[in-house]
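Chains: A, B and C, in written order; residue numbering restarts at 1 for each.
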Amino acid sequence: MAIDRETLRYLGWWLAFGVLMCLLPFVVGTGTLRILIFAHFLAMFAMSWDFLSGRTGYISFGHPFLIGIAGYTTAILSFRFDVPIYYSIPAAIVATMVGGTLFFLPALRIRGTYFALVTLAFMEILYQLTKVVAPKITGGTRGMSGLESIVTGAVNNYYLSFGIMFVTGVVLWLLIRTRLGIALSAIRMNEEAVRSTGHNTTKLKLFAFTVSAAVSGIGGAFYVHYIGSIAPRGMFEINFLFTILVAALLGGAETIIGPIMGAYFLTVLLEYLRPVMPGMERYLLYGAIALVLYVVRPEGIYSIIADAGRKVQEWRR
Amino acid sequence: MALQILIQGFVLSGLYALIAVGFTMIFSVGRVLNLAYGVYIMLGGYIYYAALQGAGLPVFASFILAILAGVTFGLLTYLLLVRRLEDNPIAVEISTLILAVVMQALIVVIFGAAPKTMWPVIRGVLRFEGISVTMNILLATGVSWVVLGGLMAFVRYTHLGRAIRAVSMDRKGAVISGIEPSFISMVTWALSGAFGAIAGVFFATFTQLDSHMWVFPLIISVAVVIVGGIGSIVGSLIAAHIIGFVETITTTMIAAELRGVSTMLLIILVLLIRPKGLFGRAEL
Amino acid sequence: MTATAGPLLEVRDLHMTFGGIRAVQGISFQVAEGETLGLIGPNGAGKTTVFNMIMAELRPTSGEIWFRGENITRVPTYERVKRGIARTYQVPQPFGEMSVGANIRVGMAPDDIWKLVSEGADHAAEADIGRSVGFSDEQIDMLPSELAMGDLRRLEMARNVAVSPTLLLLDEVFAGLTLREIGQISELLVEKKRKDGLTYIIVSHDLRALAPLVDRVIVMSFGEIIAEGTFDDVVRDEAVRDAYLGQ
């Protein structure tokens, strides 16, 4: 991969961000760390969504479906069949990629608005099915709790979740800077023209989808072992989808960095609003913020910060 | 059992047709999917409940209030959100989904999270050959037929209705012949809100009121659009019956828990086999 | 692939039906390598539909398409591009949020995911292609929204040159252009043909611009070929005059 100067400069920023976040446990309490752990998982899901939907314009309303496959696979393997989590987690990731691809492959033939609806339908199917099919294994409506954890304590979990998120973020970010990233964006702008420049767009979309599924799989598998439980409600819910979507869009779709920002912003905002607004008012407020921001500034926080940075540079000159 | 399936199927399908009609209208006229449509249904139910069981107003007045709420909210969705994003159907889809979740939160804030049971619009049960059907659901089916028939007459025989139909078939052509599409859009969104609210009252008496109740009707509406294709009232009606009967047969003959699954599978199947819907693109 | 003695492209008895409308009814023609074929006819004659079928953007109801002695009727669009067929669109279809250079980059990018990731872009080659269709160096960084219609047609040419085609289908290349731009695009076409030995099929309403470029002309009307021959013969043809005047 050709790494130019600009990429190197950005990588410097990534490194600074990494170092800063690694020092954080020495400064803040475990309460804050636990909040940030959620932000890291949300960032995983939002980046996964962004790599598929932000790039190619194929809007997925079914990401909870992917996360759910991973979560249920590792939960069932480790909890019901005593498979060690060193095997169950990789198995879950593979299952997400394979299972997800098998289901979505036909859906990729469908254009635009319908794609979102089919993925939404997939999520609803899995929601219904986990409740009724083989409740002895899935735990039915109540799901499973008391899942094994990978590491214990807030600090360890913080480092684990940050590590996964950071590595995934850097890899995805490098990927979108290649010609692959450009080709995927071109699909969003005009798929027919991409085909007529000699590209097999199905292959490109399938690749984007598989990467997205892998990231969702990693995030989902680690997530259920962190929270220690899984249930259809909460997993296959529109509210969960909504949080992922809003994190990606609020931060700035198509940028990978944006969804990470969005995830931190959203999690921290929700947490600090908790004492003031204990109930659904929080969702009301942040949903309203997201809606206004989306209509007024669809490019999200990332573009606001990038613009500000540019202005500062001009001003210094 | 066959008779039971027949009666239940027709009754359920009538309700589904009523639920879906407002959603299909928006799709055929504006080519956008309004994911906040379920909110009109929820709003209709809650306003009716608040008026009838909270404020003690008569049934008729409560109904009118619910419809007014639906119309207002439909117009607001269009004016504040959709009109600004109209050239981008994906942005409309995303923003109306966010709007729906915001409204869900608002309902919880105002009415609380606990589900509420609504009184049926009319009481009584009809018994026939060992099968019992509530008068309420029969009324819903009747209203559904009246509304759909009225709508069909409206688009056929009134000037405004024909204008709506013209816009749904060919927006540019309609503009050339002097129709103002943004006015037509407003009328459509207002009507959609009204239909949603009416459907909401019956849907809520059929199940119950809670803040998640917008999702299921939305999925039914989406299914009707996908199965029936774009922009045909008759197509939607047939689609609603396919969905209603498939569901009735699944729940009575296989397992009651599979209620939602059959509809989802139907959606996916139709999309894969005939992405343009079973009846393609007919006229409104 | 070796050049065979036969035609470069051969279209055999193509039919295309949309719903009940027969847009193309039994079109057959051949194009030899190095030839420039004009495809003319009144609006709705089915010219663009023929292009869409040659590019596999539409699947013909019946009929066959052969390229270099190979039946490609079932070959998908991107494979046809790799075999050497490319097209421009009546309404230019740039990637709207990308610079001219990035638009060319998509055209140059290989259809191989591993290479897309591992190999960086060749900015010098992009600029070369840009210049070869007449873009200035500043224009390479511009967005399509900042370009005039003539430049948008150039951009389509550039993206096509990037896939190094042997057969180029040009759909209404002169539409919406000023006289000066028409001259420039014509020159570009002649030069590309001289340098790279391209074969063209050109659809155009602008017969005056078309005349000096074409070796042979096919006239379509209501989905059928009504005349074929040199430009001069065809414009004198009785049936052709009727078709155009009846419009």
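Criterion: a contact is a pair of C-beta atoms (placed from the backbone, for glycine too) under 8 Å apart; a residue touches a chain by one contact, two chains touch by 3 or more.
The structure displayed is predicted, hence computed values, not measured ones.
Colleague: Please indicate which chain is farthest from chain B, where distance is taken between mean Cα coordinates of the chains.
Modeller: Between chain B and the rest, the longest centre separation is with C.
Colleague: Mind having a look at which chain is the central one, using mean CA positions?
Modeller: A
Colleague: Approximately how many whole Å separate the CA-defined centres of chain A and chain B?
Modeller: A distance of 32 Å separates the two centres.
Colleague: Please tell me the distance, in whole Å, between the geometric centres of chain A and chain C computed from their C-alpha atoms.
Modeller: Roughly 42 Å separates the two chain centres.
Colleague: Please tell me the distance, in whole Å, between the geometric centres of chain B and chain C computed from their C-alpha atoms.
Modeller: Each chain's C-alpha centroid was found; their separation is 47 Å.
Colleague: Touching chain B in the complex: which residues of chain A?
Modeller: 57, 59, 61, 106-107, 109-110, 112-114, 116-118, 120-122, 124-125, 127-129, 131-132, 238-239, 242, 245-246, 249, 279-281, 283-284, 287-288, 290-291, 294-295, 298
Colleague: Within the complex, which stretch of chain B touches chain A?
Modeller: 32-33, 81, 84-85, 89-91, 93-95, 97-102, 104-106, 108-109, 113, 211, 215, 219, 222, 226, 255, 257-261, 264-265, 267-268, 271-272, 275
Colleague: Once bound in the complex, which stretches of chain C touch chain A?
Modeller: So the residues of chain C in touch with chain A come to 55, 57, 76-78, 81-82, 86-87, 89, 93-98, 102, 105-107, 109, 111, 113, 116-121, 159-160, 162-163.
Colleague: What residues on chain A touch chain C, complex-wise?
Modeller: Chain A residues touching chain C: 1-2, 4, 175, 178-180, 182-183, 185-186, 189-190, 192-201, 203-204, 207.
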